[in-house]
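The same chain A turns up in both complexes below, where it pairs with chain B and then with chain C.
After this line comes the complex of A and B, so read on.
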């Protein structure tokens, strides 16, 4: 398959079309996961069925209101993959699966922790489903608890300040590639063109694909509503969130960041306010080590911070 | 039963004009009371690039017949992300005076 940067996306063509998710939702002002849904629908178009695992994005459609103009299903928190697989089975029986995209849009709690077995099963059976994880690095819906996507030393309500979260996060894109996903990638909402192109590439795959998209959460990261995109962008530019894709276990780097000092990204977010200088240097060291491994072609051995 | 419900009460469709509707009365949900700031576009500087349209979480932006973006004041929550993404900085913030003015008037009375 072609390189992601060669896939065409013309914004002028899309601007004419109607919004497939409308305004007036219950999401916070400046909510990035909702923006993620918009980008998904811009990329994949009208022929999409969206499955939602419980999370913040379930609150967008509370009966009797719905902002969606596409079919939208809410399963439980742990079975996003299975619900999507069932829908795909039904579409196959009706012979309508060739031009319909089945998409799962789940949070990082529902992907990394609770819904992991349904996701792993879906990927193992190689179902043609696009699984998108909007990663805000915590269980934001229930009050910002620690999930296994939370970074080291970040403050959450279950890992309070003096130490913060003692454990590094796990790398889901790697795990999914090893589970058997044909295409697995990381993306960032702050780089929407890259995200849309990756979605369009994932739609052409025959097997299952997984995209982990970083979506800053404004009350969780303790930033102002208008700073969310900047906070996410700094995570990418400092090298804390590398953008890459793994296609059939072959690794390619999509974006080379400026490698700014990590302090810039950490200062901006209120959840890192308690950090000491020692901890900052430790994070910086792990980020540099990770990037050394990636540039040397030893991606699979690299450690997350 | 379900199909009857869908046909009669139009449960599954999100109104034609782009705003979610209630089931029985076709009433739009407004979010204008959420915001303290609102974006104002300077149309002399605008280059019609569509970045505000792409980045708006509330789908408030739509394009008029001349191709310029317009912010729908009914659903805009005033997050001001459009200001940060505009490449020519033609969007500025203006304080929302509607509610505070009303309260001040009531106090004076």
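After this line comes the complex of A and C, so read on.
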């Protein structure tokens, strides 16, 4: 299928529709993941069943209130992929699967770490499910602990300063592509059209799709509520979060960032306050190396920071 | 249709006759033959439902949860460590009031690892909010799977059901079994008109947090549904008896008339204990046997009634709760609280250690004499 940039999306027509997620959730001010749900539902419409893995988004609905106008279910933290697989199985048995999107919306902890097995199983079986990981780079709901999506040197409550997280992040989009995902992509809430188009594209796939969407967390990143989008945008524009897609193992870069110095993104986030100059230089070097690999067509060899 | 089937095949036939629509599964000894049987039927198109092997029991249980929420009829099976891996999902499935039937084939728990049966795996699920039947024969397994759906899908109940059998003793032992005709099962178990939870036309939000008193209200509702299920189970068992002439009850009394001492137990070994009772009766000793078939909800009243006139009771536990004793023992004592009886506990058969008729005769002889409550290990 064509590059996502060729997919048409008319914001004037589509964004004024009734929202399938209403206001009044329990999310923090400036929460990007909850904004992500809105974009998902704009892209996929009302014939969507959403599965949630335990995390911040589980608290969007609390008895007896719900913001959802679509069927929505939360099971446990590590089984988003398999609950969705069960739903798809049920829909198939009842012959209702043709026009319903089964979507998982799970955090990075539930995707990269504890739910990895269920996701890898789902992707291996090529289930027609769109798995969206809202990536705030940590276990935010339990109080901002390190996940394997946490970047190198970032501060979390389990990787405190002076060093921060000693390990680089995993690249799930790559891993999922190799596990058998027909479509695997990264996205950012700050680039909503790119995200929406990727979701539309994922919906046309016969097999599994995985979209890793960067969704900054106000208390976790230690930024002001009105600055979360700016923080996310700087992650994209500094090249720290490249936007790309992998369709049947074919890599396409979707967005050319301005390649601002990484320090611009780092200095506005409280979770990087403790960085030394040396550490900043190391991050900058890794990002430059990664982009060199990407632009030279050696994407699969690039290292993560 | 009379056939010679082992317990695993019986469970598979139960799912087939009940027209299970989704079978998410994962293999484990001694359950595997159930899913292999269904897979073979699926390959020959004799089984019409969806069949998917997942990457773990945890995922299989998760898929059961998802599939049942769409309104499909769901079946799965597991054992031992697999059941423990599923454990996290069991209260979620019952808490969301999701009907389904699962066969658990009892196998002892690790470590040390063992393949043979005891009831520690299934009894560990007693607080999960599932209706639990513990079977004695292969026929009972088949019948209970079919009856299980009728109970589970009842709109007043909407609780998942475990049908338990013993590994090897049931699962790999062939006995004569009557497979009910499809027509008969169809009339007994029509496709349910239950609420579909995940419906894009009628959106519903499920599995959300409930705080404070709300949480307690949900748990109270679950408990009430469990307690209400007695009537439904009774009705379903009676209806099945009318159709097949096979009677099932919450508890099963064997030669309890005039009994002064009795064995209380669950599972496949009951068959051996029956022989011991026969032997003792021949010698004029007034002994009997009570088998608990319905373990959850716990049929306290029926147990109390059945043991009303018995003085000495031997509770057999093929399980061990380390630091406490047998699991069944305190439950029976609770059912009999306030009565003046001597109730002893015998732990036996862990890890499938063989129990003979003689062992039960010894227990009964022991029980008749007991003036004090004893807690013994038979090994």
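Keep in mind that, in the parts below, the second predicted complex is superposed on the first by the 303 of 305 C-alpha atoms of A that agree within 3 Å, B and C clash if a C-alpha of one lies under 4 Å from a C-alpha of the other, contacts with A are read in each partner's own complex, and residues count from 1 in each chain.
The rule is short, and it goes like this: a contact is a pair of C-beta atoms (placed from the backbone, for glycine too) under 8 Å apart; a residue touches a chain by one contact, two chains touch by 3 or more.
Small disclaimer: the values here were computed from a predicted structure and weren't measured.
When both complexes are overlaid on chain A, the residue A:217 reaches neither chain B nor chain C. Looking at the shared chain after the overlay, A:56 reaches neither chain B nor chain C. More residues of chain A are touched by C (comparison of chain B with chain C).
When the two complexes are overlaid on their common chain A, residue A:19 makes contact with chain B while staying clear of chain C.
Using the contact criterion defined above for the overlaid structures, shared-chain residue A:179 touches neither chain B nor chain C, since it reaches no partner.
In the overlay built on the shared chain, the residue A:35 is in contact with chain B alone; chain C does not reach it.
Contact with neither chain B nor chain C is seen for A:246 once the two complexes are overlaid on the shared chain. In the superposition on chain A, A:66 makes contact with both chain B and chain C. Note: residues 64, 66, 68-69 of chain A belong to the chain B contact set and to the chain C contact set alike, using the contact criterion stated above.
Listed in rising order, the residues of chain B touching chain A in the complex are 11-15, 18-23, 28-31, 34-35, 49-50, 53-60, 62-63, 72, 74-81, 83-85. Those residues of chain C that touch chain A in the complex are listed here as 21-22, 24, 49-50, 52, 54-56, 58-60, 62-72, 74, 88-89, 92, 96, 197-200, 203-211, 214.
Residues of chain A that touch chain B in their complex: 11-12, 15-16, 18-19, 21-25, 27-32, 34-35, 38-39, 42, 64-69, 192, 225-230. By the touch rule above, chain A contacts chain C in their complex via residues 46-49, 51-52, 58-59, 61-64, 66, 68-76, 78-79, 81-94, 96, 100, 117-118, 120-121, 124-125.
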